[in-house]
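Labels A, B, C and D are assigned to the chains in the order they are written; within every chain, residues are numbered from 1.
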């Protein structure tokens, strides 16, 4: 079985490698020839363009930076893919773009699914990503084995675009918890309270969260090496705000979190870990 | 060893009972004679007033609704308590009130600690409260055995008032996560995504939290039986906002969460569980 | 001198009529044949499409609902317009779309200006619009006489897109003042204070504003006949949020105002005047 | 007719002087003996304490920094004032404190009114203050002539506390407009738009306000000499937030404005004019 993999960046490269390891014939393409060569070195096959990569594939996966890239690549996939092709777009993009891709694909007999991931570079390398999938349940069932080589939590969450909506919901909650923990730290420290002891208590009770578990000590020590970069979270909050607008709902906390992340970027912290929201709350106070 | 316990409400009553069970001589007082009788039925002793309850006590515990009640009762404790007395105020009140109590107490040789709790009625009954303690470390060490009969996580977090500050930090994070989860649910549902599947994914990743673990299903089913009432969380957000103001820090998310909780109350949901923030976000959208 | 006018809606129709009155030869086009007929009845000339309308024009004006329509029409204007043509896009759209139009136009020798307006239907009919213009200063000078037939305040505010940015700034301030006045009314009424007397005082002092001057009595009486519809202000807040994002700045109040307007729409008040933000603040409180 | 004036600070001093000029016998007291001497130099009479100042007065005016000072002074006024005395508290304090003063006063036959002012030092010197009065309408009528020597806009707005509520409403709107104008400036400048031309357009249309009229040029030039200090506005936003809480209403924009003002103070701008909210929005963005 042949899988075309388009977009061999920080996430895509190890994901493609995991597919090779799982025994699939992987044909890869990226705008960077170097990355294509890297895939070949790992046992994949390189292609000269999207059309070539896609031509003989049973499954196509795209892992691209944002909506505009998907809007460029998806029509090529659909135009050159075989009828009945399964097309997994694993990029994190706006839900309405995913719905557009699904419609365009369906018109040509291509079975598109949106399948954004969480878990970061670590999860991509280890094959332990969480994958949230939108699209037709039968197409999901057909794609399930391939996804099984990439992640451990693989959930079908609804119709086309639903995967992206769940990813957006994930990112607004993650950003919000970082903001809340940042405010808690600033309050504790300004009040002369030991933040380590204080956050230990919070982590053990109803305020507890994955973020408190794994990030509270680095946050208190102001260690913000990424991790997941502010720039990417800024992109994702833009998607969350756009998704809310598209769905016709007003989300006041989400909007405020988006501003905190935007401020982090405006303050030059785009390359830091998203826990650097703490720097924004601190700077707000002096 | 004799412990005076002032304030035998929903929390205080089972806490006093746990002290009796642990072998302490407990002398209780409450404005409600009925509650005093209840303590007597459980093996405690009743007193006719604060002064009487406190007179022969080695340790005094107060568990009162809010700052004004502590401002009434604390001077009586200090005036009638023996020198060297340990005074644990376990009410959730403003940090600056706790600091005032500590100063008044110190002037009379009374060793005051602020020791608010989290864990709710369940934790009070089971003796599994989390207790965050502010005050002198030696006084904390002396009080530790008594607190051990009431809770399982008992942490000294700093000087007088520090316990209250940590409690405030806890409540702002808890309220904030409820608000974020509420916005996530509204976004998912408005987008035609199954919220159960969606929140399952969130709970398993970086967005995961105690609240998602134990409340996501009841929230999606709109079951808001308390639990911890909106009215109490509204009081606590008032403390958090006041504590931030007192500490001279601006906390934008905290301020917004406080408005969501205030709105829940204004909408008549004061007696519902704090997860009913979902009703506020829903009403905001129709 | 011949002016092509594309988009003869509530705003465009009276604007085109004012140009006829001012002595210009006006060739109009709209997707609605009825509206084209209306322009002909007022002394203009109808065209069968954008290309035809534009062919012999010295100046082209477009007055369209939003960015997507401008993205459709502008290339046709540029393709069929004479070199040296002045092209005034008076639609309210995203600044980056206006910059794109200016670039596309410049490549073909067309001199594009973005020239959004404020002042509403009344201002369009009376020829008293405020017009904020972005683009080349010489092109502005050349277009100035035509704009003089449409408005009374006509200001060149900067390079391409600048007119849209100023319009966005205008709308965020307008939306924000409505929100603040709404909160003031809710506070006064909930406190048992006569809102008429209260707002009279505010209107006379540093809190005074055009909005308090002309809308406070209708707001207090809950009269929300448009005026400027919530739906349009929602569109404009979307532009403001997008413009801030594009400019790389975080604007926390703007983001919150956008949510209040989005909530007004979600609550079904899209056809009411934007002063109906009061209904959102009220509903938030019961 | 004798007027006792307690609190001869930046506002109180010129107000007392205006009463002297208007022909009243003014007996003044302040914790600073120097200020009392200053009043004597202007034709007033000094007193050694509140009780002495109040003893023979027909009208008592207090102009104090905040609620705690009023809570100290008001009982002395009530205890030593003649029955039937008119007591005007012109301090800006919490509405609930004013209601408490009115109740205490009424119990002793003293007719208390809350009468906070706006217009600043300039208005105090020129006798052009706006005065918003809460209390009994007959008492207001009796106090009207005295107030006429201090201000030009004098409005009875409701029962005890209503004056304070209107003042709070005024300050939340003023703070909010400063925040909105600051965000508009930041957006314009970040987008390469001339802020002078841009705000000129805003000032002339529906976005127009007293603040844009008198402060836009100084804001653009970053001139923040007070004016009305951030520290005082911070105090007033605290009152607004407390008044909303007391009235049981949630005000999301007000809460956010309060955070911006608190941030200005935390950033060390307490002594600058409140238009310095611009510095907060700028710092948020770099």
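The rule is simple: contacts are C-beta pairs under 8 Å (C-beta built on N, C-alpha and C of every residue); 3 or more make two chains touch, one makes a residue touch a chain.
What you see is a predicted model, and the numbers here were worked out from it, not measured in a lab.
*Asks:* Hey, which one of A-C, C-D or A-B is the same interface as B-D, over half the contact pairs lining up?
*Replies:* Equivalent chain pair to B-D in A-C, C-D or A-B: A-C.
*Asks:* With contacts counted as defined, which of the two, B-C or A-C, has more C-beta pairs across the interface?
*Replies:* A-C
*Asks:* Using Cα averages as centroids, what's the distance between subunit C and subunit D in whole Å?
*Replies:* Computed value for the inter-centroid distance: 38 Å.
*Asks:* Please work out the Cα centroid separation of subunit B and subunit C, and write it as a whole number of Å.
*Replies:* Computed value for the inter-centroid distance: 52 Å.
*Asks:* Counting only Cα atoms for the centres, state how far subunit A is from subunit C in Å.
*Replies:* Computed from C-alpha means, the inter-chain centre distance equals 37 Å.
*Asks:* Could you list which residues of subunit B touch at least two other chains?
*Replies:* Within subunit B, residues 244, 248-252, 256, 260, 263, 266, 284-285 contact more than one other chain.
*Asks:* Provide the residue numbers of subunit C that touch subunit D in the complex, in ascending order.
*Replies:* 95, 118-119, 130, 132, 134, 153, 155-159, 161-162, 165-166, 168-170, 172-174, 176-177, 179-181, 183-184, 186-188, 190-194, 197-198, 200-202, 204-211, 240, 243-244, 246-254, 256-257, 260, 281, 284-285
*Asks:* Touching residues of subunit C toward subunit A in the complex: what are they?
*Replies:* Of all residues in subunit C, those touching subunit A are 238, 241, 244-245, 248-252, 255-256, 258-260, 262-263, 265-266.
*Asks:* Could you list, by residue number, the parts of subunit B that touch subunit C in their complex?
*Replies:* 252, 263, 266-268, 280, 283-286
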